[in-house]
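The first chain written gets the first letter, and so on, giving A, B, C, D, E and F; residue counts start at 1 in each chain.
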């Protein structure tokens, strides 16, 4: 069993804000991330799949096809988007934290992946913060 | 003459959009950067000053003081902000491109810098794009 | 179950030297790392916790609070320190190798962590060497 | 149980090409990677071993000895080589994909490793693609 | 005057070998880089242009157009190529060192650049070696 | 004229402390960098030379020879050293700041460099701080 990882990147705006809370509670909880006019990030996305290399091609998966799938299923929705407003698969009102995004990305991508098994979604929000999801129930 | 550089980071939302243009022309010119709901970046800012090391301290400038000044003058305005809406020193209607930002950052910082000379403002928008300004008139 | 990682950095001096050994044996075993006047490193520390995102905030843990805890419990002791001499939780005579440090860091941090579970301590000594500890007994 | 990782680097040429296939099928499958005059990469290799730190030295393994072993067993064969033509332990006709290389590297290195256990071979082909092997049968 | 830099990447094979020299002299001069079956690199290319930001768009140049031009003029020739054999603008027999490549890249790109001025070609061969050319005669 | 840069790395301990000052003044000026038991860094050193590529070899300088020279003249003195105590070419009592080190490194290296011209010494102390020296008098 070999694990293969593809890195992709996207840029997006977001804010952390619970609609049913007061402005005070939002600012206390989320600090500068609650700025009502948004802020944004360069996100780095690492998709890891696992499988056995094909005896002829040496591929677990054609990495160009994997990259194309990630673009169609994920990046075309989130790149240069507003994560709170623009992305169909992010439920309205759900906070677009890295923790929530890795679960949502997993669910979207796993539906479309063929010929190998999704192992991990890793998402870096800054050089100091990243989240990983391996499909484990809590 | 020695050059000393301090790196700082900030996260912000922006869009590229000329108000007096049609939506079509904006999209044609700016592509995905014209998304009306914004997108954003992790910006890396490199401030370079020059001077002679002090014979006793070996400092051109106390880098902690330089860092504090950059925070007060620049980062407190732009970090977790919307560059089109929230920043007093970015004129309304001016596109917040990296090219424009390095000039604006230079003007703000130079006013407050003491004891050494500003040499360069470098701003990285993504890992593939950055702009530099050395105070040169065009 | 989602894994969230926070990166922190610190700078420290250390040497590798067994007091009960001869200088010759120390130099043979540790090479340049046994220099009696110390050497030092920029350490990169990655703390990974796991848990379920809170349904309202989308947080496993408030990453700013996690960062503050790491600073209080670990960085305030080790940053700009001598790892052989200055750090209360490093036993005198124990070699401050990355392998030993990740175990010691785990024990200190786990005592104070609330609301999520410590998953991994990773410590990079140079760009070519790092150690990881997952709390496993040997 | 602690995990220790050593990074090494090497540069090599390769191409992806199945001898028994037509040129058309090779180009369709491997795209530009099938260029008959080769292309090449700066590979980054991460070798992770696991064990308990020695009570006296604090070492799982002397990382300088580990580095020397990696060089003798792997790098001396693959650095500045043609991976399709020059490397004794890469079977002729097997595609030198990152997926295949991590398995081959594991088999070579594990034979020679003493005093600790091989945990992972990770190989980065570009900043966007890497493979990992943990010795798991498929 | 503002400087704007775009990073691109390509992978290529090459060797250093003077045809009119003996094998011995080639190996003595170029070491492992003279391996007759080639080796290769992941090259990082930084193209810096200078100009004044357009008052309306804030652009020195549309960076997407600059990227497209670099791809057409340079990357389409050198990516996944053999630098000694495949590239029309590299004279046969000229060594494809980073020093020579930056001069050749400058000449190719400058011919096609419109609306801004080429300032620097920087090419990284490994993480430890890079060359820069500013169009200066020797 | 082409510029060629070689990166090298070293690890060292140091502290900032003026002997003729009180402890209070030292702590006030240098903060944590004045810790009497030292701290340390992973330094990254970039040496840039300039010249014309040789028509036969394509080299400004044989980069392996340049690397060997840097090791003999600089790294053998400073690697795994105490910069305040161990290095012959750092005057006792001079603060080993990055600003001072780049000037001292320039003077040492320039004496021994043959066949090309030293252009720049750049030294990174952390990922956020670096100094550069181009041989300019103040």
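Please note the rule applied: a residue touches a chain if its C-beta (ideal position, glycine included) is under 8 Å from a C-beta of that chain, and two chains touch if they have at least 3 such contacts.
Since this is a predicted model, take the numbers as computed values, not measurements.
Asker: Please give the intersection of the contact partners of chain B with those of chain F.
Answerer: In this structure, the chains that contact chain F and also chain B are E.
Asker: Starting from the mean Cα coordinates of chain A and chain D, work out the distance between those two points in Å.
Answerer: The computed centroid separation for chain A versus chain D comes out at 29 Å.
Asker: Please work out the Cα centroid separation of chain A and chain F, and write it as a whole number of Å.
Answerer: Using C-alpha averages as centres, the distance is 42 Å.
Asker: Which residue numbers or ranges of chain A touch two or more of the other chains?
Answerer: Expected reply: 127.
Asker: Between which chains does touch occur?
Answerer: Final set of chain pairs in contact is A-B, A-C, A-D, B-E, B-F, C-D, C-F, D-E, E-F.
Asker: Any idea which chain D residues touch chain C in the complex?
Answerer: For this pair, the touching residues of chain D are 1-8, 51-53, 56-60, 62-64.
Asker: Where on chain D is chain A touching in the complex?
Answerer: For chain D paired with chain A, touching residues are 16, 18, 29-31, 94-100, 102-103, 127-134, 136-138.
Asker: Using the touch rule from the top, collect the residues of chain B that touch chain A in their complex.
Answerer: The contact residues of chain B facing chain A are 9, 11-14, 32-33, 35, 37-42, 79-82, 85-86, 126-127.
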